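Once you scroll down, you'll see the structures, which are given as structure tokens.
Shared between the two complexes below is chain A, which pairs with chain B and chain C, respectively.
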Partner chain A sequence: MPAAWWTRNRHYFLYVVREFTALPIALWMLWFLVEIKRAGDGPASYRPHGSTGFVIFSVVCLFFALYHSVTFLSLAGVIIHLKVLDRPVPSRLIVLTMFGLWALASVVIAAVLIGFAR
Partner chain B sequence: MAEKRITIKATRFDPDKDSAPRLQSYDVPFTDESMVVLDGLNYIKAHMDGSLSYRWSCRMGICGSCGMMVNGTPKLTCNAFLRDYWPRPVTVEPLNNFPIIRDLVIDMDDFMHKLKSVKPWIIRKQEIPLGAGEHKQTNAQIDEFRQFSECINCMLCYAACPVYGLNNEFLGPAAIALARRYNLDSRDQGLKQRLPVIGDSEGVWECSFVGECSVVCPKGVDPAKAIQQSKLDTTLRFVLPYGNRED
Partner chain C sequence: MSAEHRRRVAIPHLFWWFMFAQGGGIAALFIPVHILVQGILGPLGIVPVVDRHYDTWISILGNPIVKLYLLVIIAVPFFHFAHRLRYLLVDFGVKAAKSLPAQVIFYGGAVVVTGVTIWVLLTTAPISLG
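Up next is the complex of A and B:
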């Protein structure tokens, strides 16, 4: 396989982008762990990291995370094979349910974080 | 009016003479809009160069013999119309990811071993005697596996799969799709014999879901779906307390 195999067609390229998104997300999560450690010293000494570079990095990571999540959840309809009352559940319904649960989980986590911040 | 013609560039490789495959151009008459790439190759063999080697048989998308790379995409050449490429040249190469035996003929031994390893036939713990009559299935039971039974072993999915290209230990899309076809068959009882092969690290878990296997399949089989569903099944069988029940 030539090193540039993933440039042969659009499908390969999007696949490699999807796989690559894991790297910046992992880096951001490592940074997040560092921030948690810093916050553990108490509110008096904690200053959130707010440099322009970090904000740009976070926004880029957010887009990568969204792309990864959307592609992952969209594939749920292919992977999950469910039957209700002996009839297969349509893939579209499974995907919509996944996105609904994702939205619900995001709202709950946001509510908890905002609640703790107050 | 001048006869319409099309250029076909075909891979030539003689292991006794050539150190590497090369492309040779042929200017072929394109007389009929229904001509397919395989017709072009047959014209070359019959009228221009009888030494060109390639596999083909049924000419109707059933046997799966004539799979080749057509302008870089794995296709059945009996199902790739010249009108879709004309007036540009058509490049015909052997399927990617397989060793070349000669010209457009690939060595399919690796695939045949993998196919055999998943035991793609109905396995019964105890055969039902012929006198007991047919083993009936409902339409719903047939619908469970029908899609995967359409596979014709043409190996286009292997040529499209970069995972197989990078690691040919990977069991591959068609073999897993056929394993799933039999695992889903209500008459079959061979799941436990196939699990060690499909659940192996070089089985379903090697797949990272590129999905190109399903895109190129000429029969509308969705091997990527078979692989991902098999991942879920093998995981549930491992995790759930009743997962290793006999069935």
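Up next is the complex of A and C:
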């Protein structure tokens, strides 16, 4: 297969972007783990990241994280097969439910992260 | 191939696919809001965020439910990432990515991240229900 196969077709390109989302999200999560570890060093040396570079890095990672969420949750309708009262649940309803859960989880987590701050 | 042998092969396969699917779902549902709030809104000062001050951050990190939650959202997605990145290399023609050493490196990496996450969460803040 030619090396640039993924640039010859829009679907191939978007597939590669979808698979690649794992790398920036993984990098951000490793930073997050470091941020947790740094809290263990004590209050004197604790400085949360706040540089412009870090914010730009987070914006880039957020783009990929959102792309992962949209593509992964959209697949739920294909992967998950449910029956209620012996009738199959429409795939569209399953996808809508997943997006609803995503919105609910985001609101709850944001409320905790902001609500427990001072 | 005997039925017993097929069962032995299928169980690890089932485990890795389960971790891949759960990791993808957890990453999709929970990670974007952390990046938005803790990576962008907090550092820019748009909203107060729990990790911007040592006392609030260390306090919430001591909660056992928070520790369990952080373990799940940090460790499990790495099994998904490992699978996706290994197959991305396969798609780009890196034949070695199919090999057993590559599998050990990628999925072993996810196991290492899990171990490190457990260690960090257990050693960073004492468990406290207060």
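Keep this in mind: the second predicted complex is superposed on the first by the 112 of 118 C-alpha atoms of A that agree within 3 Å, B and C clash if a C-alpha of one lies under 4 Å from a C-alpha of the other, contacts with A are read in each partner's own complex, and residues count from 1 in each chain.
Note that in this section a residue touches a chain if its C-beta (ideal position, glycine included) is under 8 Å from a C-beta of that chain, and two chains touch if they have at least 3 such contacts.
The structure displayed is predicted, hence computed values, not measured ones.
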| item | value |
| --- | --- |
| First (chain B), second (chain C), both or neither touched by A:Arg8 | first |
| Partner chain in contact with A:Glu19 - chain B first, chain C second, else both or neither | both |
| Partner chain(s) touched by A:Val55 [first = chain B, second = chain C, both, neither] | second |
| Partner contacting more residues of chain A (chain B vs chain C) | C |
| Contacts of A:Leu113 with chain B and chain C, given as first, second, both or neither | second |
| Partner chain in contact with A:Ala39 - chain B first, chain C second, else both or neither | second |
| Touched partner set for A:Val78, first chain B, second chain C, both or neither | first |
| Which of chain B and chain C A:Asp86 touches, first, second, both or neither | first |
| Contact residues common to both interfaces of chain A (with chain B and with chain C) | 1, 6, 19, 79 |
| Touch list for chain C against partner chain A, complex | 21, 24-25, 27-40, 42-44, 47-61, 70, 73-74, 77-78, 80-81, 84-85, 87-88, 91-93, 113, 116-117, 120-121, 123-125 |
| Chain A-touching residues of chain B, taken from the complex the two chains share | 72-73, 97, 140, 162, 165-166, 208-212, 215, 222, 224-225, 228-229, 231-232 |
| Residues of chain A defined as touching chain B within the complex | 1, 5-6, 8-9, 11-12, 15, 19, 75, 78-81, 86 |
| Chain C-facing residues of chain A, complex | 1, 3, 6, 16, 19-23, 25-26, 28-30, 32-33, 35-37, 39-40, 43, 46, 48-51, 54-55, 57-59, 61-62, 65-66, 68-69, 72-73, 79, 101-102, 105-106, 109-110, 112-114, 116-118 |
